[in-house]
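Each chain carries a letter (A, B, C and D) given by its place in the written order, and its residues are counted from 1.
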Amino acid sequence: MAEPYGATVTLDRAKLVASAAVGEAQRRGWRMAVAVVDTGGQLVYFEKMDDTQLGSVTVCQDKARSAAHFKRPTRSFQEMVKAGGEGLRVFRIAGAVPIAGGLPLIVDGRIVGAVGVSGGTSDEDEQCAQAAVRALQ
Amino acid sequence: MAEPYGATVTLDRAKLVASAAVGEAQRRGWRMAVAVVDTGGQLVYFEKMDDTQLGSVTVCQDKARSAAHFKRPTRSFQEMVKAGGEGLRVFRIAGAVPIAGGLPLIVDGRIVGAVGVSGGTSDEDEQCAQAAVRALQ
Amino acid sequence: MAEPYGATVTLDRAKLVASAAVGEAQRRGWRMAVAVVDTGGQLVYFEKMDDTQLGSVTVCQDKARSAAHFKRPTRSFQEMVKAGGEGLRVFRIAGAVPIAGGLPLIVDGRIVGAVGVSGGTSDEDEQCAQAAVRALQ
Amino acid sequence: MAEPYGATVTLDRAKLVASAAVGEAQRRGWRMAVAVVDTGGQLVYFEKMDDTQLGSVTVCQDKARSAAHFKRPTRSFQEMVKAGGEGLRVFRIAGAVPIAGGLPLIVDGRIVGAVGVSGGTSDEDEQCAQAAVRALQ
């Protein structure tokens, strides 16, 4: 069962989280947009590396909001689509984004928000999001 | 053939219905959001158990509205998606939500509204919705 | 300066709050829809008295969300419109609802959500919302 | 006549700009959300001070986009509303936000993006936006 929601992520922590995601992107030579949202999915912090594809401005926010609203990595929705059949119903779950790269942020066993990363492949995006999550541990 | 529409569900009955859905969720240790809508799909009653994933706030209402607007369980649309092929056309039926957990409410052979539940798997959601429906019988 | 946001309102408290608003409406012979939202403006509880005008289903939720998002009674936006001139800019503040009847809910000096009421005149709506707020004190 | 568009603001400069806005807010004891957008109005950088009213998340972005899209301070649209009469047409200019607090960012005589601030009165918001603009000079 998913963790309970806790107090929303502070700006200081959001910056720390985003910085770890961007650091991972820089090490790999990727260009990424990173969004950190609160438990309700509202934006707390956002930065876009220079020359990131502009579509990622929205996509990273969508991923973060989805991870916060559904208390799970967006990869789980991507897996549903991959499985096909009734898994395709995820396309009509309002707010469910089936693209890896969105992860809940957890502090002391509680979800405090989520991070969403976009700019590369969904695997690359998720790798940066994982770096972000680790920064809180 | 689907039942005809009748007079819309009263608030008292909507509360009874939702209470049964929440009771089932509590017995199972689930967290759910429950919406009861009238024959036109408009909200009559809503409650969200503490710490339910926030995405379910919208999803349970979407399910209820779909069940009222199409006089059928939302599972029937999920089955169309599962079947694939032309069944995927459900994605372009405005207002059709292919996720189990939405059921029409029937009193004396007439549809008086619908209930939608979200928070767990679609099977769990539907199980709670079925408890809601039984409360009217 | 407005109160800080606190932990979001529980379902039990939301029911208490809504019950007070509905009680006031019943005493006056009014028909109202009542929404209670969390700090982020998402629905926690909703009920609509039988035969309330259906437009109020949405309006009461809009009022509640506005009060939570802007940490103030929606009457303050109504006053801006009333004043005219540059006050009319409120029409383009995204999410600002200039109709009395939405009030923040405050517990121990912190905003825990908001209540929105609709169904009568905006003064009547606000009177019910005030009864709701008092129920927390 | 408005300045021509130039190369879009870099992330480094956007951070500098936002930092100046937040610094001004901190000195005044205000809570603000700050958005920096590129020449096309797309988000480059965003931060929200802890406990800022949540409605400002959207409003500050709307202001910044408006200032970039129309090459002018959003106050100029607020003045049109204030003047009344045909000035009210601003409500039907798509993307025009008549609330002070959005300003174009200018480097070497060229518009490189815009900043939008929200959280206080529109005068307070603009004061923080002006601090942001000065940081580029």
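Criterion: a contact is a pair of C-beta atoms (placed from the backbone, for glycine too) under 8 Å apart; a residue touches a chain by one contact, two chains touch by 3 or more.
What you are looking at is a predicted structure, and each value in this text was computed from that prediction instead of being measured.
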Legend entry - Maximum centroid distance from chain B, chain identifier (CA atoms): D
Legend entry - Type of chain B:chain C copy interface by residue overlap (half), same or different: same
Inset, instruction - Using only the C-alpha atoms, find the rotation that maps chain B onto chain D and quote its angle between 0 and 180 degrees, to the nearest 5. - result: 180
Legend entry - Chain pair, A-D or A-B, that carries the greater number of C-beta contacts: A-B
Legend entry - Separation of mean Cα positions, chain D and chain B [Å, integer]: 44
Inset, instruction - Express in whole angstrom the distance between the two chain centres, defined as the mean CA positions of chain A and chain B. - result: 29
Legend entry - chain C residues counted as touching two or more neighbouring chains: 5, 39-42
Inset, instruction - Based on the touch definition given at the start, go ahead and assign the chain network to line, ring, star, complete or other. - result: other
Legend entry - Pairs of chains found to touch, sorted by chain label: A-B, A-C, A-D, B-C, C-D
Legend entry - Footprint of chain A on chain B - complex, ascending: 29, 51, 53-55, 58-59, 62, 78-79, 81-82, 84, 88, 91, 96-99, 122
Legend entry - chain D partner contacts - residues on chain A that touch it in the complex: 10-11, 14-15, 40, 42-50, 54, 57
Legend entry - Complex contacts: residues of chain C adjacent to chain A: 5, 7-8, 38-42
Inset, instruction - Would you pull the chain A residues touching chain B in the complex into a rising list? - result: 1-2, 4-5, 39-41, 66, 68-71, 84-86, 88-89, 91-96
